[in-house]
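Chain lettering (A, B, C and D) follows the sequence in which the chains are written, and residue indices restart at 1 in each chain.
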Amino acid sequence: MAVEMDKAAVRELIARRAEKEIESGYYVNLGIGMPTMVANYIDNDKEVVLQSENGLLGIGRSPYEEEVDPDLINAGKETVTASIGAAYCDSAESFAMIRGEHLDLAILGGMEVAENGDLANWMIPGKMIKGMGGAMDIVHGSKKVVIIMDHVNKHGDPKILKACRLPLTGKGVVDRIITERAVMDVTEESLKLIEIAEGWTVDEIKASTEADLIVSDELMTIQSNT
Amino acid sequence: MAVEMDKAAVRELIARRAEKEIESGYYVNLGIGMPTMVANYIDNDKEVVLQSENGLLGIGRSPYEEEVDPDLINAGKETVTASIGAAYCDSAESFAMIRGEHLDLAILGGMEVAENGDLANWMIPGKMIKGMGGAMDIVHGSKKVVIIMDHVNKHGDPKILKACRLPLTGKGVVDRIITERAVMDVTEESLKLIEIAEGWTVDEIKASTEADLIVSDELMTIQSNT
Amino acid sequence: METNMKHIHTSFQEAVKDINDHSTIMVGGFGLVGIPENLILALVESNVKHLTVISNNCGVDDWGLGLLLENKQIDKMIGSYVGENKEFERQVLAGELEVELTPQGTLAERIRAGGAGIPAFYTPAGVGTPIAEGKEVRTFDGRDYLLETGLTADVSLVRALKGDKHGNLIYNKTARNFNPMMAAAGAVTIAEVEELVEPGELDADQIHTPGIYVQGLIEGQQEKRIERRTVRTHA
Amino acid sequence: METNMKHIHTSFQEAVKDINDHSTIMVGGFGLVGIPENLILALVESNVKHLTVISNNCGVDDWGLGLLLENKQIDKMIGSYVGENKEFERQVLAGELEVELTPQGTLAERIRAGGAGIPAFYTPAGVGTPIAEGKEVRTFDGRDYLLETGLTADVSLVRALKGDKHGNLIYNKTARNFNPMMAAAGAVTIAEVEELVEPGELDADQIHTPGIYVQGLIEGQQEKRIERRTVRTHA
């Protein structure tokens, strides 16, 4: 009994579940697109510093119209504010933080993830290549890398694969995958299904996932911070 | 007709001649010891920025007693002031300036220099090794490296050699040598004698120099900015 | 004693005169933030051709480095993301423009290395991906890294909030981005500053780019276009 | 919402509790300038042994890291200049202390690399000298370079002028020196600050060490001993 949801609801479900990856005291990099949305759901009781790889440690809320500063943007080029206690830095320092694994968590989008933790999220052969931006650095630069994405592509085909078909962003870099249907961890054996969304069966998840799935003994229902 | 001078006079002669290496607009690193003295003789009409590798671009004069700031020293650990328009930086940035060849000139002391431009100035086998400090970086990090030193050691033996006997600080790094007797350039053939101190003959210089000397067609008398 | 250690340019046209056909230039900025707007405009006017441009992005179709593209002045672009620009895509597909894509952190570090006299370094970014092709892979402590080389430029164009006549620069907020490393990596670096001040007016502890890296300065006013104005409304 | 992102230590003894026998530590400072005086004193008191210490110098006989030497707490020292210290010489000659001398710029860059996730880089410093022994030499553009590796530490002890409770640090004058790179290269970094302030009190554009690198802070008063007081007299 698969669940039909509109796109906005899917994104919100995923973003709310992703928020639970963030612990108080964490330094976090949120990728461009859906990952940026996660910031909207961060529990007020958590003290979290969001890093933007263009040189801001401490992204604040969006500015009011009268606060807009053209010299202050996030990595998605959106105008932002700085949080209290923020620090600006240059791009080399910003990526020193990333590459040196000073971030606790990165939440990024994905086109394909393989069961060995390979990630593809930057190019589709035959299409114009826009560039990888900071993604290839960020996947190596956090204590934990979580990929959030739709469970299947627009044709209904699996995006969680035995091996990536698209050119890689990083090899063996993913720790956890969160979709609107399931949460899976990359383990030494294979992908382990640890959470499942309400309304989905394990068999349905397996059927929409190319990678082999081990089912956790403590399989839970996805809890989002609603 | 060799010239006898006391040590202080020798140092002053050398420092004054070394000052002539400095052009207005130059960024200069002066080594610890005799090279630091060169600062005392810099022509007031020259605008020069002295770099100190512990993180100061723009060394000023020595402080008056009441100006002494324990957080403000030069690479020789002497209390200094900062010049107008100075900038502080960390040690990595300071050596980025050096290694990246942003300095116009470094004036350093030497124990031995060889005719191929090799320099030894940091260790004597069998003696306690104190360390090279920044010397090994600085010899590679200036558009021009000038060594100032006594022409011979305290036993009267040459310090300007066919090949260094002491362990090297840098290989083929010296551009010019200034002593109390002569100024010599490292050239592709050998050392070229370009200036000679008053009271010395070319033969005397050759006799007190182990390296082969080519005598410049335009051999001059050493002019110091007295 | 003269206190202008640096050349203070009186026109943007004159400020870019060291850039010639076939020059390699670095241009500061991330998106349209922190770009030396007026120096870019002068470069368009100069009409120099066959440039190699190193910059994180390539502007948009009608602003920033996009103007150089439109005028067909760029032969090769080294950057990390070039997706904001239709003309860019057209020239690449037509074979008129060569592109070298580099992970953003690797780009920042390559430029820093170039300015710091580091010819090459190892980084984990890109291992096992298409950008590793032709590059040395080496294992340190059981983990694989790529060898990446330093980058330098004939001329770097940067933008700062304040600069003094000794070339010391201070940047504003996220307009700092690639500017400090590029300032250090240019054989000649020209800074477009919002405000030019006398030596001594900037706090020596708070200088982002020490003057040694800067050869010329010019004061200018920027439009500071915003690519993605994102605001919240009052409740 | 809690605004202490970091552990604010209430005693120096407690602040150094993560340092154990056989720990590798980095200690900021150049000569006696910028050293975390009180953290060093607490470390002497803790009496932990067999330390590997990474610091440009090793203090003087009765101050700074010299106190650790005197108490025979250091097994190995990595630095660039250790000449201010008789006990150092005695221990080296007696075979009690191992020393690894590194050119100062290479030391600074190795520490920066360690904090920045760069496992190794090439530098011209030391080519053709005794420190090249056992190291890879490689030619780039016709010039020889040595391969040097990044350095990290279990704990870094640094000193700053000001720190806020998010760990952001600002240093004073030449007391900055090795402190910022060491702050980034320690798995745990403890900052001794002259003044501890609330988040938001420091200008976000002027922070030398972003708080992400700092795990704990403690306010302290320093003696700031001067090694070579050099003054001019009024004419």
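As a working rule, a contact is a pair of C-beta atoms (placed from the backbone, for glycine too) under 8 Å apart; a residue touches a chain by one contact, two chains touch by 3 or more.
Remember, predicted model here, so these are calculated numbers, not experimental data.
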Chains contacting each of chain A and chain B, listed by label: C, D
Gap in Å, rounded to a whole number, between the CA centres of chain D and chain C: 32
Distance between the centres, which are taken as Cα means, of chain D and chain B, whole angstrom: 29
Separation of mean Cα positions, chain C and chain B [Å, integer]: 36
Shared-contact residues (touching 2 or more other chains) in chain B: 82, 88-89, 92, 95, 98-99, 140-141
Contacts with two or more other chains, residues of chain D listed in rising order: 109, 112, 116-118, 123-124, 171-173, 176, 204-205
Touching chain combinations (by label order): A-C, A-D, B-C, B-D, C-D
Contacting residues of chain A [partner chain C, same complex]: 52-56, 61-65, 68-73, 76-80, 82, 88-92, 94-95, 98-99, 118, 123, 128-138, 140-141, 167-172
Of all residues in chain A, those that touch chain D in their complex: 24-25, 27, 44-45, 47, 49, 51, 57-58, 82, 84-89, 92-93, 95-103, 140-141
Interfacial residue positions of chain D with respect to chain C in the complex: 109, 113, 116-124, 138, 140-141, 143, 145, 149, 170-173, 176, 203-206
Partner chain B, residues of chain C touching it in the complex: 1-3, 5, 112, 114-118, 164-166, 168, 184, 199-200, 204-205, 207, 210-213
Chain B contact footprint on chain D (complex, rising order): 30-34, 56, 79-83, 89, 92-93, 99, 101, 103-109, 111-112, 123-131, 171-181, 208, 224-234
